[in-house]
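Two complexes come next, and they have one chain in common, chain A, joined by chain B in the first and chain C in the second.
Coming up: the complex of A and B.
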């Protein structure tokens, strides 16, 4: 314990006392705190660059296409399977109470409130997070970002702002697609054992849903998208250690964004239950 | 067409369809809650709303026609329930319509059922107060059920006592079922009655053949025949 404190004190003196860096590796807590500070500065710079013209609309559209439309097949297939599986697994329990007619309402509420946003965010964290992390890290290690800075272009605005904004805007739209495709999967699941028409299923589903289910979950996806884009960009933009750094950036992007999705989700549920009587 | 333009068109289509699905979802949810149809409001006073909540459905003839808009306590024995109802239903609801709080199935939400009222009475107007019928609460049902089970318990106890008495041969029925001496006596009595009726029949046959009583029996036969004619 005393060893740890003395090392921390030594590093503190380096930061606040203009002393040269110590020879030993910094402790984990020190790395964590400097990492948090770096990330906060990165986030602040993002907002500064976001509002400052010129705006890179063309690059934004390109990134939106890559992040949004090219993720749709994966999100759609996952959503359909989730809706189907959830329905098939829930049905026996409801059948015990003779409440099978509650399936559409129950599944639709689960999908819209929780499963749709979280599954979409996790799929995007895996697909988009790793791709952004690896792409930016390889740009960093091959000094493309440095070259852009030297040539007078603003790499932060061109690379980071467009990608973060694209994930923030595309995730809610992908979630809407995921929700509706999951409901179609659920309709298929209900019709394996029973006979429920398309119109009856959606009438029952929408009768039970309310705006307090839809809007908080949609606002949640905006934060999911923002965190996925920002963390992946931060990890890729600050990559080092050559080609090993590319792998590390891609890996830590996926891990951190997935973890962040769950943390944001937990906070969103707490906040929603605090303000809205659900 | 360049790749970039094609990508832009596809992206535009993707975003437009996404927004349309979202808008349709919002419309259907709002429609189910009667947010986009023209409505009128009514109120009803209850002593106890039995867990009815704001947003619960209002039903008329088994159809969801509105929602509960507000619930407020007026006094210690009165709760006012305000509801908004689809305007197309207004012409069917009369001034003497009654509201009753029900339940949507055993495990379902509470609902507010409205009866139509009497034919010929004027139609309800916006802001009107309609009458209410006291709902049968689950607690009342349980209280009644308790009385019934107590009665049933008392009856079964009495029945058990009666059967125990019969089993131990107490009382007339107990003796009839369980007392073997009584049964033997009864058996002997029946045998005696049989023998007695047999002897009586023989005596009557002899009396019919006796010259002293023959005239009487012949007269009786003639009366019988004339009655038949």
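Coming up: the complex of A and C.
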């Protein structure tokens, strides 16, 4: 125990005492704790830079276009297939109980509350997370971020703040789009075996939807977007040198952001059930 | 009294020198890269730094713009001690120091014009017409024209170096730090870049530290040279003095 503490103390001295790093590799617990502290500092800096002028509106619009508009086709196609498959798979079970008329309501509640936000976030974790992670890591490796720093500009504000803010703002919009397309997919699924009109389907679907279904799920997507942007930017911005670092940054961005989506979802469900009687 | 006199002497030297590096030390793990470097860069002087690969030349100039934090030593750039500067002060100083990266470090998602305008993005007192004029002037000064709307990937190696140079010159720096400016270029383009560096010294009255392995470049640009060995200054002198050195190791750079 005393050996372990003395090792931690030695590494602590190196960080806080401005001494050279020791030659041996630090223990895993030390790497984990410094990683958490580093991420917390990164997050704190994000909020500080977010409120401090000047604001990079042009770059924010550019990133919103890349993250939001360019993700629409993928989110749309996935949403349509998801709605259709979910309907086709659920229909036989409901038919056994003679409850086929409940299909639109059931699908709409499950899509709006859970499946829509989570699937959209996972698509963005894959598409946007890997793209941001790899792009920033490449910029780090090719010294572009260093070049921004030495020119007296603020790369953190220009690169990080705009991307994190864009993912935070775009995720709720993409989720709403995904929900709508999923419902259209579900309508197509219902009409494979039956004949349900557009207006009847949506009347039944919206009859069971309430404010307490829509509002918490949209709030949840803001946190999904924030975590995807922040983690991917952190991984890319702090990438190790070399092309291996680029691959690792892209990979760990996707893995960590996907994991974070599920963790936030679990917390959101718990919190929602505390305040809203579902 | 003696201490005050020494302090004044030190300040006098610092104000006459563009850069004063004193007893600089930097290690990465157990690998000591810089082990007590002391160098002075005089105003309007081109100082070439030579040394084997891995001898800490790039680390030395990255310490000067605070991209790497030194372990020990004092770095005085344009009369300001780097270690005492906070973010705003450091950014102000960085605008007075140009840095040409070995790779060029061009922003590959931006056009040539956007690359050049990036260092000016926080200068609110410069209007659009003046920005256009500065871009044109910077490109002309490095011999580039009609490339404003091209992407960096569409340019040749020599053009990319020139563009990197133009991007630093747009802020009209007082000091230039060149990290292997001719690496990867053919001999003719290398000579053109070396001559361009001399022109910049003359036109912008810059003081420069040039890290290079290219002896032809050193011969053209150097007013004075420093050779590093095992993290320390091994030899100092003009190109002529060092090329005729009796020290076999020093002489091997010139043969």
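What we mean here is this: the second predicted complex is superposed on the first by the 256 of 278 C-alpha atoms of A that agree within 3 Å, B and C clash if a C-alpha of one lies under 4 Å from a C-alpha of the other, contacts with A are read in each partner's own complex, and residues count from 1 in each chain.
Rule of thumb we're sticking to: a residue touches a chain if its C-beta (ideal position, glycine included) is under 8 Å from a C-beta of that chain, and two chains touch if they have at least 3 such contacts.
Quick caveat, the model's predicted, so the values are computed rather than measured.
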First (chain B), second (chain C), both or neither touched by A:143: second
First, second, both or neither for A:151, with chain B first and chain C second: second
Contacts of A:73 with chain B and chain C, given as first, second, both or neither: neither
First (chain B), second (chain C), both or neither touched by A:53: neither
Touched partner set for A:214, first chain B, second chain C, both or neither: first
Of all residues in chain B, those that touch chain A in their complex: 4, 7-8, 10-11, 14-15, 17-19, 21-22, 25-26, 28-33, 55, 64, 105, 107
Interface residues, chain A side, partner chain C - complex: 18-23, 54, 142-144, 146-154, 158
Of all residues in chain A, those that touch chain B in their complex: 58, 61-62, 64-65, 68-69, 72, 97, 99, 173-174, 176-177, 179-180, 202-203, 206-207, 209-211, 214, 218
Residues on chain C engaged by chain A in the complex (per definition of touch): 27-30, 62, 65, 67, 69, 71, 91-92, 94-95, 97, 99, 101-103, 105-108, 118-119, 121-122, 124, 167-168, 171
